[in-house]
Structures are given as structure tokens and as C-alpha cells.
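These notes open a run of structures that come right after.
Common to both upcoming complexes is subunit A, partnered first by subunit B, then by subunit C.
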Partner chain A sequence: MIETSATRLLGQVFLLLLALVAQLVYAQPREELLLWHGYRGEERRALEQLLEDYNRNQPDARVKALAVPFGSFADKLSAALPRGQGPDLFIFGHDRIGGWARAGNTVAPVDDLVPARVLARFPPSLVEAMRFEGRLYGLPFNFKSTALIYNRALVRHAPETTDELLALARARTDRRRGRFGLAYSYTEPFFHGALLNSFGSGPFDADGRLALDSPGNVRSLEQLARWVREEGILPEEPNSTLVTNLFNQGRAAMVISGPWLLGEISEGIDYAVAPLPQNSESGRPLAPWVAVEGLFLSPWSGRQQAALGLMNYLTGERAALHMAMAGGQLPANLNAYTHPEVARDANTMAFRRQLETAVPIPNLPQMTLLWKPLEKALNKVVKGSASPAGELQRLQREIRRDVANLQAAGDRAGRPRSIPAWAWLGLALLALAALSPALRRRRRIAAAWREHRTAYVYILPAMLGMLLLVFFPLLYGFLLSFTDTTLLNENTPFLSRWQGLGNYASILGDWNFWYGEGAGRSINYDNFYWTLLVTICWTAGNVVLSVGLALVLALALDKPILGRTWFRLLLILPWAIPNYITALVWKGMFHPQFGVVNQALQVVGLAPVAWFDSVGASFMTGLVTNVWLSIPFMMVVILGGLQSIPRDLYEAARVEGAGRWCQFRAITLPLLKPVLVPAIILSVVWTFNMFNVIYLVSDGAPAGANDILITKAFRIGFEKYQYAYAAAYSMVILALLFAYAMWQMRVSRTLEAAR
Partner chain B sequence: MTGRTVSSAGPAVPRSPLAGPVRRAAADIFSWRFALLLFAGAVVVYPLLWVVSLAFSGQQSLQLVQLPGDATAWQQLAALIPLPQQWSLENFRAVLTEQPFLRWLLNSLVVSLGTTLVGLALACSAAYAFSRFSFPGRDRGLVLFLISQMFPAVLMLIPLYVIVVQWLGLGNSWLGLVLVYAITALPFCVWMLKGYFDTLPYEIEESALLEGASRFTIFYRIILPLARPAIAVTGLFSFMTAWNEFILASIFMDDEALYTVPVGLRFFVSDYASEWGYFAAGAILVSLPVILLFLSLQRFLVAGLSSGAVKG
Partner chain C sequence: MARIEFRRVVKQYPDSPPTVPGLDLSVRDGEFMVLVGPSGCGKSTTLRMIAGLESVTAGELWIGDRLVNRVPPGERDVAMVFQNYALYPHMTVFENMAFGLRVRREPQAQIRTKVERAAETLGLTGLLGRRPGQLSGGQCQRVALGRAMVRDPQVFLFDEPLSNLDAELRVQMRGNIGRLHREFATTSVYVTHDQVEAMTLGQRIAILNGGELMQVGTPMELYGDPDNVFVAGFMGSPPMNIVAVQNLGRALRNAVLEVPLAGLEGLPGELLLGLRPEKLEYAAAAPAHWPRLRAAIEMVETLGAEMLVHLGEGDTRMVARLPGLRPLAAGETIELAFDPRAAYLFDADSQRRIRLSQPVESAEPAL
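The block that comes next holds the complex of A and B.
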């Protein structure tokens, strides 16, 4: 009888939860104008002051701002906007306009809504940056470009040409003492833009067609390779943190960076900003890319006029002045620069002058496909593992294929817009087919339910949760994998994207194991089977090491020892601290020039290792980091498991004369198994899908050779924007892991039976 | 616990009350276990020292290591130990005052504790059924739990958004986050607890059943207390699942006052410039509650069956 009361209790708890859910299910009416932005620090304060001021004067159109961290802003927008949710207005970089406009439902064109007098506030190049296929999407708010920032103690006058720059840099470089004439993140395409554009070509030709292997682009890569490899004036493996560091310690005489660096320069450094010099090899000025932060209007906004009023206010002269003076921003409204207080600031004016030669990042959807592959290519070229011309030709072929994939999906617009009747019929038939075994066995199911009701009731809440929050998303992914969904046709009706098994065929039928011919032949690291091999090695290596080491540590901690509590606490710390920062610390420790690992190797008289240049070494960096990160968890699990082993068993064994090893084999390991086996299965699954460590530490270096399946799926989904292909990739991952889990369970069951 | 070990080692040298513990400590220090733990501790701590020294440096980026060329090997090694040039609490002050960090910390606590409660409630009951009953679909059910961990989380983002925000209307509420996190942590918890329940002797339950106790009483009064070590581990795991999650929290929440602390931490990182000093200070603050939680759970990890109810 008490049994039924227990089930009733569980049922009541569940109902309570449901009621809670239901209570929250009503949309609150919204009066305010919502603005999402990614600003922080002083720029954020400046913006908020402006909004406060606006709210004071416009009581009927209150604005509410939401700051979103940079790392999730794009995801948040693309989750909310196409579904009719999200803000009325948002501030974002202009380079995604093309993708948004093509996909639809994300951003509203404003050319009919904005009067010409407002547009006259901005320089034509910045307005042009906001245009895509003839329509205007949003207003420019601020812009960011790079310029030359130099240490005045080391460089008297800013160089006028790259020849001067080189001569200066050579004089200031002393690699043995870690001093460099010039430092910038030269492997990032955004920074390489300055060299690239100075040859006049850029990634696209005049008609917007991809032209990566144009002679000008090849020359820009050759020039960079010379700077890095022959002149040696640049540090290895640069990133923005390293560049800031070098400049702050007076180890870098000049850096190429943007206004964001100014806030981080140490007080002791006397610096100045100048526009980038003229490229002596092309006779044109270095032309950095400029990113325009635009004010965009949501197509779903019910308060368009109020939103436009705010856009007008924020781009006005007063607001622009405030953003420049209080926020340290470079406003797109050029009138701000005529104000005496702004005009007196030589640094701001240098960035303003740089705008004359700067080139807005192309806002074509193809551009977003370019960043990562181009970065990979730049890395290869500066490390000498590829020639500029050959690499750019390869890249041109690769990107053209990606673009074709993206557009092929977008072009098939002739398909049915709504779901035809036969599809419903098919669906109904499918559902019937799925249900029929259940219907046929309904007697047995009903009997099983009656007989084992207690068991089912215990499991039901968990299963319902799983059904809703795991299996629905899974079904979505499953269905998506049979389509050709990409960024460009994401918002078209589902059926018009259906393509069957095509994605699976192209993943599993990927037999291109090699690049090139004859002696120049190398492994094709993009190949699915190579990635699978790396993933298996990665998983096996990690699980064996982390379980083994965790077991040793847990055993060492199981019996009392001096400072046991402290050791236990110490050893779980890597789990407690967010792994985002510790993974990056490990990456820093493996830096070839300034990393501790190489410094320590040198202290003991060994040669430094270029950690990210070879497949094996780069694999090691990820392995070490991940083992370090996963030991604590494993150790805690095993410590918990060790507690279930009755102590008297050991005493009995000792009486029988069993040694330590014998006790471990005969008692500890078998009795730990019920805890260890699920932990191992799960840790295999997690390591197989361990995205963060690979992404943050080696980032697949060199050239994607160390990508595992999950990072590959991510790159396909979020760097190539082929969502359906990524979903199919994920389904393959799921199938592989499922097969593994079934095998593992069968093995442990047969072992159990054999005993 | 310490008291017992001391007294058991004591009788050999009864001269001074201190001699026992001292000898014991000396024996510990020279054991291989201690050496191993010391070494492991050093390896674990070294990268964390970088985080700590960055947090206390008052600056946003670390001093670069550059070996003094003409120093002795010993000096060179000393140069590898990360210590800030001057100690400062500036980063902590900025993190705590420039943003509603404590508020976010509190939000995270609510969400994480909610996740732990919901997750444990669901997991304990399910795991108990999987461990103690045999019913049709038991094995398949267990495998179903596993599947959820096999699909890459990044690709679940959009469907989860649709379900939680659009269907359930739980956008911008902690309940939505709690549900998602609890379900995310569920597979591990169920498997872990089931494994642990399997190790508990069935005889106790049988005798309790014979005495007329209901299943629920047995579950609640006998099994759960016995399984404390496993519950501590799974509870910690559920807590951590919610504690460090960033992307869903920032996508579901549309109000800065409702952000959780990992979202707040990510404000310090962007594509252009990142304030790593603030991030490090914030990361240390974020890990403090976890450490406290672990400290309070420790006694469950050491006091299991050996001192538990079975013997009594």
C-alpha cells in the first residue's frame, strides 16, 4: 500500500513541476525597445550613458540594452532572429551582412527608411560596406581598423615605406634576447589584409568572383614569407596576447594593431600611432581591412519607427562625439573628428587618416568561408611547408568548391514551398509503421506495465526529460542530416531542402587520401578516415592515460597519509577552474619561443621543439592538456568507488598471505568494476567529443591534421556553414560511439559470465 | 579518522605523546605514495600558478618568460616559476565592482544547486530501478541514456532553443537552464549510481522487504544513505555541469541580471582584445564555491560502507 503512496508522491512532484512550467508559459508583453550589443569596458559605459540620455528625453520609447559576450553573440543572434525572437536592434560587425541577407529573416533592409541626410554623415566607403546586392542593411556606427603603433623610445619617426620599416625592424630585432622590430598576428587574415590589399587585388575580383590565386595575392604572401623566414623580424606563433605582451615589455618596437590595443598599453611605454606605410614592392599604401560595427534592424521589430529614431540618435554628431571621447571608439560619423578635442588627439586622428586607405571587409557570404582556411594557408606559408602560389591555388580550388556547395543549395529554390499532401501521407504511413510493432504487442506492453509498474514509475520522470530535451533535438539533427541545409537556405521550408542520403555518401565515400602526385604527395588531412584515425588515437591515448593515472592517484589517496585532505583538494583543482583559461595557459606553455616547456628543455640542454609544426608534437600538446584536465574527475569517481569495497576483505587477504599486487588484482579491480566500466564508457564518449581542448590548444595544427571528428563537424557547420553536412557528420559520430558502447557492454558482460 | 590511525601506530614508542604522530609523519614523508602525490601535486599546480600569478599581477597579460642568458642552471629554473612582478588585488577589485559579479555568482549558485537537486532526484530513482528491478526494456533503456552524450552538443543548440524558448516558453528563466543541465548530467548520474547500487548487497533489502517495508522506504531509508559516496560524486558532477556552462546560458537569458557567472566571465574575452587578468581573477573566484563544495562532500567520499550502516 505504501508503494502506491510513493508512486503518487512522485507523480505529485512531477505535476508540480509541470504546473511550474505552465505558469511560466506566457509571453510578457514588451513595451521597451531592445538593443543587443557586444561592447564592454569603457565603450559599453559610453553607450549606456547615451542610452540613458536618450531615455530621459524620449519617455515614450524606452530603450533597454543587453550586453552579450563576444563568444556567443553570433550564436545568440542566429538562434533568436530567424525564429522571430530577439531584439529590435543590434550592433554587430558588417561582414556577415551577405549571409544574413541571403538567409532572410535576420536583418531588415533600411534603404527606404533612412533619409539621405542621415546617410550623408558617413564616408561613402562605410555606407558601401553596409550595402549588399544594392540594398542597405543598417547604419555604420563605429569602425575598427589596424594601423602602426610604435614605441617612441625605439622608433623616432614612423616609417613612410615598407623598406624603411624593414630597415628599422632589422635594427631593432635581437632574436636571442626575444626582441623584435615588428610584431602582429600575421597569420590572421584580418591582419594580413594590409599586405594583401596593398597589391590591389584582394580575395575577390571586381565582379565579386573568388580570385585568391591572383598574382597580387601571391606576391603579398611571398612578401610576408620573406619577412618571417628571411628577415626574421617577426616572432613565431603570434597571437594578440603575445603581441600586447611584447609591446608592453618594450620587446617589440612596432606593432600592427587597432584602437583596442591602446587601452592595454602599460603606463611606462611612450607610444604613437601612425597610418601604415607605403608598400615599396607595389607602390601603394598598406591597406588594412576595416570592420564596421553597424546598427541593424530586426525584421520582426514591431516598433520600427522608434528603432529608426534610436539609430538616428546614435549615429548623430553628439553621440559620435561621446563614443569617441568617453568610449575611445572611432565613430563612423566623421563630423566627430572636426571637434577640437577629438582633433587634438593625435592617435585617434591617425586611425582616422588610416580610414582613407583602409578597405572594408567584403560582406559577401563567401567571405565568411574564407577566414579559417586562409589562416591555415598563411600558417603553412610562413612555416615554409607550402609555396605561396601553390597554396593559394589549392585554396582557390577548395573555397570555390565550398562556395559552390553553399550556393547549389541556395539555388534550388524551385522546390515545393509548402508541404504537399503526399508528404503528409508518407509521414502518416511512417508513423504507422513505427507504431505497428507497438500496437501488435500492445497486450504484452500493457502486461509489462502492470507487472513492473513500480520500476517504470521510478524511471518515468527521467525518461520524459530525456525524450523532450535529448531525443527531440536528436530527431531534428537526424532529419537535418538528410537535407542540404546551409546558411543560405536555412529558413526555407524543410521539404524543399530534402536530398536523401547524399551527405552520408559523400562523408563515407571520401577516398581522397592524398594530395598531389609523386614525390610531392602528402596525406590529405581533410579526409574523413584520417580524422577518424586521429580521433581513435586521441580517445584511446587519453582514456588509457587518465584512467591509469587517476587509479594510481586514487589508490595513493585511499589510505590515510600525511596531508591527505590537502592532496585530495589539490588534485581536483584542474576540474574546479574553468577549463577555458587553463587550456589557454597550456597553449601558452607550449609556445615555441616564449613557452615554458621549451625554456625548460633548453635549461636541461635539450633543443626546443616546434610544438605545433608536426602532427606528433601537436597531438602531444592536446593529449597532455586533456589528461591533466580529466584526471581529477576520474580520480573522484574512483575514490567514490573504492569506498564500496569492504575493508575486511583486504584483512582476510592479508591473513591468507596475499601480496599488494595480488590484493589489487583479486579485490580492488573486480569490485571497482561496476563503477569503473560506466566511467570508462562515458569518458570514451566524452573524449571522443572533446571539443574545447583541441579547439583551444592545437586548433587542429598543423593544417587540420589534428582535428578530431567533432572539431571537423564544427568547422563544417560553423566555418563552412553547411549545417546539414555537419549534422550528418554528427550522426556518423553517434553511430560510431553507439557501436563502441554496445561492444564494450557485451565484452564486460561476457567477462562477467566467464568469471 | 586521524585519531584512529595515530593510536594504532602509537603503542610502539610510548615515551612521549608526540613521538607517535611524528614517527608516523616521517614514515609518510619517506613513502613512495607521498613522493607520488607530491609530484602529481606539482604537475597539477604548475599551470594553475600561471592563472594565480596573472590574477594577482594587476595586469592583463603575463610577463613573458625569458631566460637570463648568463645565469646558472638553478637561476634559470627559478626564472620558470611564474610570479607577478608586483602583487595587486586590482584585478579582483575590478571584477567584483565593474560588473554585478556577485549577483551572477548567486544566480549560478541557484541554477547549479537546482540542477543538482533535480538531477539527483531523477537519477537516483531511475538508477535504483535499473539496478534493482528486472523489466522489459531495461538494457535498452540504459543505452538510451548513453546516446544523449554521443551527439555533439554544439549541434543541439538550435533545437534546444526551439524547445526551451519557443515551445516551453522558458527562455530568460532559470528553470529552463536547470532542466536542460539536469538532463545533460543525467546519463552520467544514472550510470554511475546504477553501478554503485549494484555493489550494495541485496540481502539488506530482502530482509527489509520481509519485514514489510515498502520499496520506497527501502530506497529512501536504506539505499540512499548507503550510496552516499556515489551521490556525492554525482552531485558534484551535476553541480559542475551547470556551474561552467556558458553557451546555453548566454543564449537563453535575455536579461543581464539573470546571467550566470560563466557568461559574465566571457565578457573579458573578445576577438580583438582580451582582459586575461580579469578572466583569471574571475576564474579563481568562480572556483572557490566548487572547492568549498568539494570540501564539504569529502567526508562522504571517505566514509562509505566501512563505517556505514551495514555493519550495525
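The block that comes next holds the complex of A and C.
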């Protein structure tokens, strides 16, 4: 009775699921235009108001907007568009154009569709930003660049040259009181663009070839290093939160930031915006990167004309004005700035003037690969651990190699490959091997099914979920690891990317332990075995320290001391806080200038430590954070274990004359083993893959030396975009953990047998 | 060997009335002393004070010639057997027994001979390699005993060591413990609930109630010559009948009996009369001058050769232990008699024994 109704219910659920899937796959032709964007807050409201207005006036070309969370927007686009799904048009930054154009089928060229009259609305530099290899891929919608934002209580007139800026900044800097003349996230390549571009060269030469080590680029790094290291006008370890806080507390006279900062400035701060000054060293103005948001057309859109109509409307003057006034944007349609209401706003107009010198971020596909390595290089240079010229030369070689890898994979993608015969044979054999035990036991399986049908039906949903959420991704990652999939060829047929064991060979066969020669020799922190060594030290250090300290604390709290309940509560509290928040707090505490750790050191009379500059100190930051995070769990487990030890054993031992230490060794430790061993196993696995702490606290600093395997895999996948290589890396990690688990099981089984 | 002396020892846990308000007790050298008393009366506490597991709040505790108030347990040279055995679960029987010796850093060879000898005495030789989890309750108990024995201490302490065993094993282990004491004559203090254990093992028995010492003495002294109602009611099974009687000057009387007695002058008007169940006899067979009592039968428990007859009349309840010759039924009225010399008198207020010169004074200790 129960069985049949359960089966029937399941059948209905299944049908429902099928219907859902079918609807997703065979989506009916839409009547509406679909627009994807990543806006929130007032920008989103302003855009939606515009679209409402548009829908009222154009009832036959209705538009529906979908706000996609910004973090996953790019991935969603590159997953949906090449497969003919997704929106008719979308709003996105222009820097991905090159990659999309290369990948194909992602974004439609619009040069033949847009009349010159429309293009005349935008400044030529912004239109240029939308071009790749001679073709126009979208219409500029708005732009964002940095400019100089200064506190008017501290700075009367915006400096005209960097010499003036330096003089002013020196006068406003008082490092002991935490005051700085200038603050900005100078280690982020986007912000360094201002200096870099003022020497005229940029990361690529006129032909689009990588030219990181050009003399101009080297000089820009030298200038930055001087500002940080010799002039000392800039705070250490900058990030956007720090810059905002310094400015809001009146402790930074000037900051270089974008329009997004304006909304975060405190009431009491009287500020103004000005274009960045002339660089006295190059004789040219500081030229920040400008990111242009464009309106892009999907090549699959069935309603191109309607979509173009909408693009025309959104870049028109009325829309531009609305986005400027209601949305706080800087529209690409320059006519908006002649409107008196906009023209009256000095800050907006300052950003508008900054556009005259700003340089659009190159939209070449290689640019995507540049950000993170360049940030690492900037970090090294401002900390003095590498020379600008040497570091840029090294970077040039590294990125060339990465680009060549990507390119090679991309090129091969054109050539279709047939599946080798052995692959079919192997697959068939595998299938047979998998099926043969099932066939041999089919009778038992059938009997088990008949007997426990309800049970099987009950676990079916969970099994399906596991299959979908665990096994399928695992299998996909496994297969991916045998290809050479990268950002540039991910949309080509799977088999054309097949390359066998190449990734594994290059991970495990990486014998390049050193960079450079002779005295200039340094460890190659990207080497797999270095990372493995760091991971092992990290895991062992964490487990030993956290178990040891937790044991000491648990022993102390097991005694009936005064206020025991409160101590327990306090020590368990870190557990209640999400670990990434704790990690961020610790990162703040280790900040070399503003962190409480260094301040405490100074109070005691010790020299402050540059925590993220050396391998050892940086390792310590992660270690301390993770031990802090692991102690509560360990302590609770050990306390539980202690409480299960009968008191009279201790009394018997005391009567027999055993001291404290002897009781601990002879009774506590052996009887704690049943809880300690599983706790240690768990702790090893967790720590081995503890992504959050490494990524958020030291972020692998310096130069990736403290990355563990899992963060390295992440970097390969999502900073270098070598997806297949990252998949192979993950498989190696999985294999290592698997081997550890097997070994651990053997050990604990022998331990068990010994009892 | 050593004697143990409590001198006005007080034990008080924080935030509670004193558990032991002031104990004077001495255990002679080589003596087997049993502590009995109702649950919660402080037997374990007293024992643990000797072991050093509980501190002494006030007073003096001597073991041998040493004042041990501040001596840690390991230095008192005592060995203790716990109710739950307290064997180390992760050690073998050998290691369990050797633990105390190893802590004292005795030479390996010596440890081996001592443990093996003790194992032989207790019949544990084949079990030395096992862990406690693989032993039966009786075997565990013997290991616990062995662990105490190998140390050859000045004092043995036992806290209800047999209470987790079944009746048969208990008798057997009782025999073992008695034999060991006769053999080694080590001063021992033994806590128990069980009267039979106390009577058979104890050379002397100390009866505690609410932390106070009620009486110390040999089993026979306590049975035949109890100092107070508590001791009288505690020893013997079924316990002594204690009934309220009125003092008429020349006789005692209540609803069921009347006892003519001399020497009652000057005593309070309300007294307690104690009569052991085994001292009541059928009136028909008794000497004519013995006082009689008549009461209705409430219940009869037949034990084979004897029976326990529960009598009730008004507020008075008594039990008689009679030979199981005649069938008796509930509701019948029965007439019994007793030797007036076998009766005990107690003060109703203080519950203390009143010893008369005539004739109860001359009563032979019963049995």
C-alpha cells in the first residue's frame, strides 16, 4: 500500500521534473527582448525606469531586464551565449571583447548595423574601446575611470603636476600618527594604470604584442617604488577599504579612486574631484585606465532590429541624462554633459575631463591573463624584493609562455580530431568491467530490489542529487584534466582539446625548482613540489598546534576552576563566527601599519614585522589564523573525550602513587585516543584543503610562496584561465588525499587490532 | 602494619552541613574493621579520607605513627579496592597489577615475581595477557584485589567491593578476602551495606548513622548488647521488634502485652521495649511465669523450617520467628510468650539503652 503510493508519488515528481527540463531545453520563442545587466541599487533603478518608459512607447518591442549577480555575470555569459542561450543583449565591461570575439558565437559585430549618426554620440576613444581587430562589437554605454579626490580641508588646490603632488603629500604625511598625503590601491594594476600610461607605452605595443618590459613601463614602476619606499607618502598594504577609511577619517589628504568612492565618503568630509596631474617625470598627464561598459548584441538574437532599437534608445541623450542624474553614472554619450543640471556638478565634470587623458583598458584577450601576475609583480617591487626591470622582464617571459600555451590550444581547436580507436576500446572495456559484477549478481540485485523496494525508492532522490552534484562534476573534472581546455578554446568540441596525460606530466615532472642563475637565484614558488612541501608543512603545523593547544585548554577547563563555564563559552565563540570573517579580521590585525599585532609589538618595544613580506612570517599569519579557527572544535571534542574517562581511574592511580604527568601519560592520553584519532584525521583533511584562510589572510604572499595546493589550483583556473591544468591539479590533490585516507585507515585498523 | 586513628575528624563539603560531624574511631593494627550504615551515612567519605582522596576538614587522622592530614594519597602506603574495580581498560591484567609498582620504579624482575605470585594466589595466572574488557565481573574483582595485594601496603581499603557481583560469587569472594586477611593480617577497613558480609568478615564492626558513630564492637557485642535503638534495629534479620510501652511503675504495658518488672521507678512514663523475633515462643510450650502477648496475625512468611509471623494490634507491629510446625492463617489471634531477661529497654527520647539491675540486666546476650 505504502509502496505503491510512494512509487506513484515518485513517478509524478519525475514527470514534473521532465516537464521542467523540457521547458528549459525547448524554450518557446520569446516575444520579449531579454536584457542582462549586473547593476544594483540606484543604477538598477534608473535602468529599470528607462525600460519602463521604453516599453510604454514601444508596445511591440517589449524589453525584460534581468539583474545577474555581478560575481557570476561573466561566467553566466560565457556559459550561455556560445550555446545559443542567454539574452538578446547585455551590458558588460569592454575588456572581454577580445576573448569573446576569438571564442566566436558570443557577441555579434555591429559595424554594419549602427549608423554613423549614432556613433557620433561618443568620443572616439570610447568607440575605439569597442573595436577588436577592426570590427565594432558594441555601443559604449558609460565609463568609469579614476581621478584625484582630495580633502578640501587639507588641500586648497588640486596639484597640477606630480612634483606639486609630491610636495603637498610630503607636507601632509605623518607616518607616526597614521596620516598620509596620498592613498590609493597602488598594487592593483587597474590603479597603477595612471602611472603606467603616463609613459606612453602600456602593456602591449602598437601591434598588440606583449611589451611588459618596455622602458616606459619600467620607469613607471621605478617611480611608484620611489613614492612608496623613499618618499613614504603612501600607506603600506593598501586596499580599497583602507583607502576609504583613511579618507573618511581625514587621514588621507588625497586619494586616487573612481566615482564609486563618492557614495561612501562621510558627511563631514569636504571633498572635491580633479583630473590627475601632469607627470613631471614623463612630461605627460597621468592617464588612468578607463573601463567602458557597453551594450552588446547576442549573435543568436532573433530580433536584432528590435535589439538595435533598444541600443539606440539607451545610448540616446534622454537616456544618458537619466542614467547620469538618477543612476549616478558617467554616460558615454557626451551630449549629456552639456545639460545644465549635469554641467553644474563639478565632480561629475571632473571625471568627464579626466576622460580626455584616460586610456581604455586594452580589450585584447591576453589582458585577462595580466591582472593577477602584474599585481604580484607590483607587490614585489614596492616591497623591494625585486627590481622593476628584472621583475618586468621575468613577467614578460612568464606571460608570453602562458599566452603561447593558450594560443596553441586555441589554434589546435580549429582542427577537428577523430576519436582514436583505443579510446573506444578502453571505454567499452571499462563499461564491461563496471557491468560484469552487476550481471553476475543480477539475481541478488533483483531480489534485493524486490525486498527493499521502499527503501530504494526513498534513497533514490538523494542518489540522484549525489549523481548530479558530486559524481557528475567529479567525472567532468576528471575528463577535463586530460584536455588542454583554457579560456580561449573552451567552446570548441571536447575531443579537439584532448591531449592525454600532458597536464599530469607537466605538473609532476616540473623540475624547475629555481629561477635565475648564481647569486640572483631564487626558489620557483610555482613549482608543484614547493607547493606540496608548503601544504604538508601547513597541514602538519596546524594539526600539531591546534591539537596540542586544544588539549592543554581542554585539560585546564576539565578541572573545576572558577568561571569555567564562561571560559568554555569564550573559547567556543570563534566557532560561531563564519570563518571568512575571522580570517579577514586576522588579516586586518596583521596589517603592517595599522594592524594591532604590530602596534602591540611596538608597545612592548619590539620592531614591527612586515608580515606578508617574507615566507616565514607570512606562513605564520595563516598558521595563527587557522589554529585560532580550529581550536574550538578540537577543544569540544577533547573535552567530550575527557568527560568520558571514569574519575575513579584517576583516584586509583593517585592511591598507587602516580603523579599528574604520569596520570596524563598512563590514563588520559591512551583513553583519549578513540576521540583524538578521528579528530586528527578530520583536521588533516580540512586543513589540507583550507582555502579560505590562505586566500583571505596571506593570499599566498609573498609571490605565491605560501599558496597551498588548493589555492594554487584556484589561481591556475581562475587567474590564468588554464581550466584543464587546474582540473589536473585538483585530481592530483584528490589522489593525495585519497592515498592519505587509505593509509590512515590501515593505521587505525592496526591500532584497533592492537586493542 | 599500622593502626588507624580518627581524632575528632570533621568532613564538610562546601555549601552543605557536615557529612561527618566529628568522628572518633581507632582501627587496631592488623584488624579487619567493617564500616556499615544506611546509604549516605558517610561510609565512603570516611574511607576516602583514609585513602587521601578526600581532605580532612578538621581533626586529626593518624596512620601508624604519622599524622596524614596533609600527606598525598600516593605516600600513605594504602591500597584501595573500588566498587567498580577501576581497572585501566587499555592495559592488560599484568600491566594493571604492575602499574603501582612501576610508578614506584621497582626493578622489572621483582615486579614480575610479585605480580605472578599474586596472580597465582588469586587464580589469575592464565589471564595475565587479557584486557579488562575480556574478563568477567568476578575476574575483574580478583584483578582489582591483586592490584592492591602486590603493593603489600600498610592498610587495605575496600569500598563495597562485592556489591556488583551475584550472590554466589559474593560468598566465594568473601571467603577469598577473609582468607587473605588471615594470611597477611594487614590492617583493613571494609565498607559494606550487607549485614552478612559485615558479620562474617569483620573482627569489629563500626556502625555509622548520619556521620555519627553509633557503636563499635565485635559482631556478637553489637548483636547481643546494642547501645541504642539504631544499632538494635540495624543488626539481625529480621531486625529487633521495638514497641512503645507505658511504664506503670511495676510493669510495662501496651495493647498486646504486659511485663511485670522491678526497678522501673524513676524512669520516664514512655519507654521502648525491644524483643528479637527469635526470642518469641508459642505460649503453650513456654514456662508459666514468662509474660504473654496476644495479637492478630497479619501475614505469614514461610521459610521452610521456620516462618516469620507478622503481628499487628492497634499501633503495635511485631514479627516473630517461629518453628514452621503449625499452619497459621492471617486473621487468627495467637498467644506468644518470651523470657523477660531477653527484653531490651530504651529511652523513648534519647533512643539510648536503659540497663536495669533486675531482672533485664541479667539477660544473657541472646543466641
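The definition used in the following text is that the second predicted complex is superposed on the first by the 565 of 755 C-alpha atoms of A that agree within 3 Å, B and C clash if a C-alpha of one lies under 4 Å from a C-alpha of the other, contacts with A are read in each partner's own complex, and residues count from 1 in each chain.
In this text, contacts are C-beta pairs under 8 Å (C-beta built on N, C-alpha and C of every residue); 3 or more make two chains touch, one makes a residue touch a chain.
The structure presented is a predicted model; accordingly, all values stated were derived computationally and were not measured.
Trainee: Of the partners subunit B and subunit C, which touch A:Ala404 in the superposed model: first, second, both, neither?
Mentor: The answer is neither, since A:Ala404 touches no partner chain.
Trainee: A:Leu682 contacts which: subunit B (first), subunit C (second), both, neither?
Mentor: first
Trainee: Answer with first, second, both or neither: which of subunit B and subunit C does A:Ala462 touch in the superposed model?
Mentor: In the superposition, A:Ala462 touches subunit B alone.
Trainee: Of the partners subunit B and subunit C, which touch A:Leu671 in the superposed model: first, second, both, neither?
Mentor: Touch status of A:Leu671: both partners.
Trainee: In the superposed arrangement, which partner chain does A:Glu651 touch: subunit B (first), subunit C (second), both, or neither?
Mentor: Once the two structures are laid over each other on A, A:Glu651 reaches subunit C alone.
Trainee: Between subunit B and subunit C, whom does A:Ala346 touch in the aligned arrangement: first, second, both, or neither?
Mentor: Neither partner.
Trainee: With the two complexes superposed on chain A, say which partner A:Ala505 touches: subunit B (first), subunit C (second), both, or neither.
Mentor: neither
Trainee: Is A:Ile523 contacted by the first partner subunit B, the second partner subunit C, both or neither?
Mentor: neither
Trainee: Give the label of whichever partner, subunit B or subunit C, reaches more residues of subunit A.
Mentor: The partner with more contacted residues on subunit A is B.
Trainee: Across the two complexes, find the residues of subunit A that touch subunit B and also touch subunit C.
Mentor: 646, 671
Trainee: Within their complex, state which residues of subunit A touch subunit C.
Mentor: Those in contact with subunit C are residues 646, 648-649, 651-659, 662, 666-667, 670-671, 755.
Trainee: Show me the residue ranges of subunit C that touch subunit A in the complex, using the header's touch definition.
Mentor: Interface residues on subunit C, with respect to subunit A: 51-53, 72-75, 78-80, 82, 84, 86, 88-90, 99-100, 103-104, 131, 147, 151.
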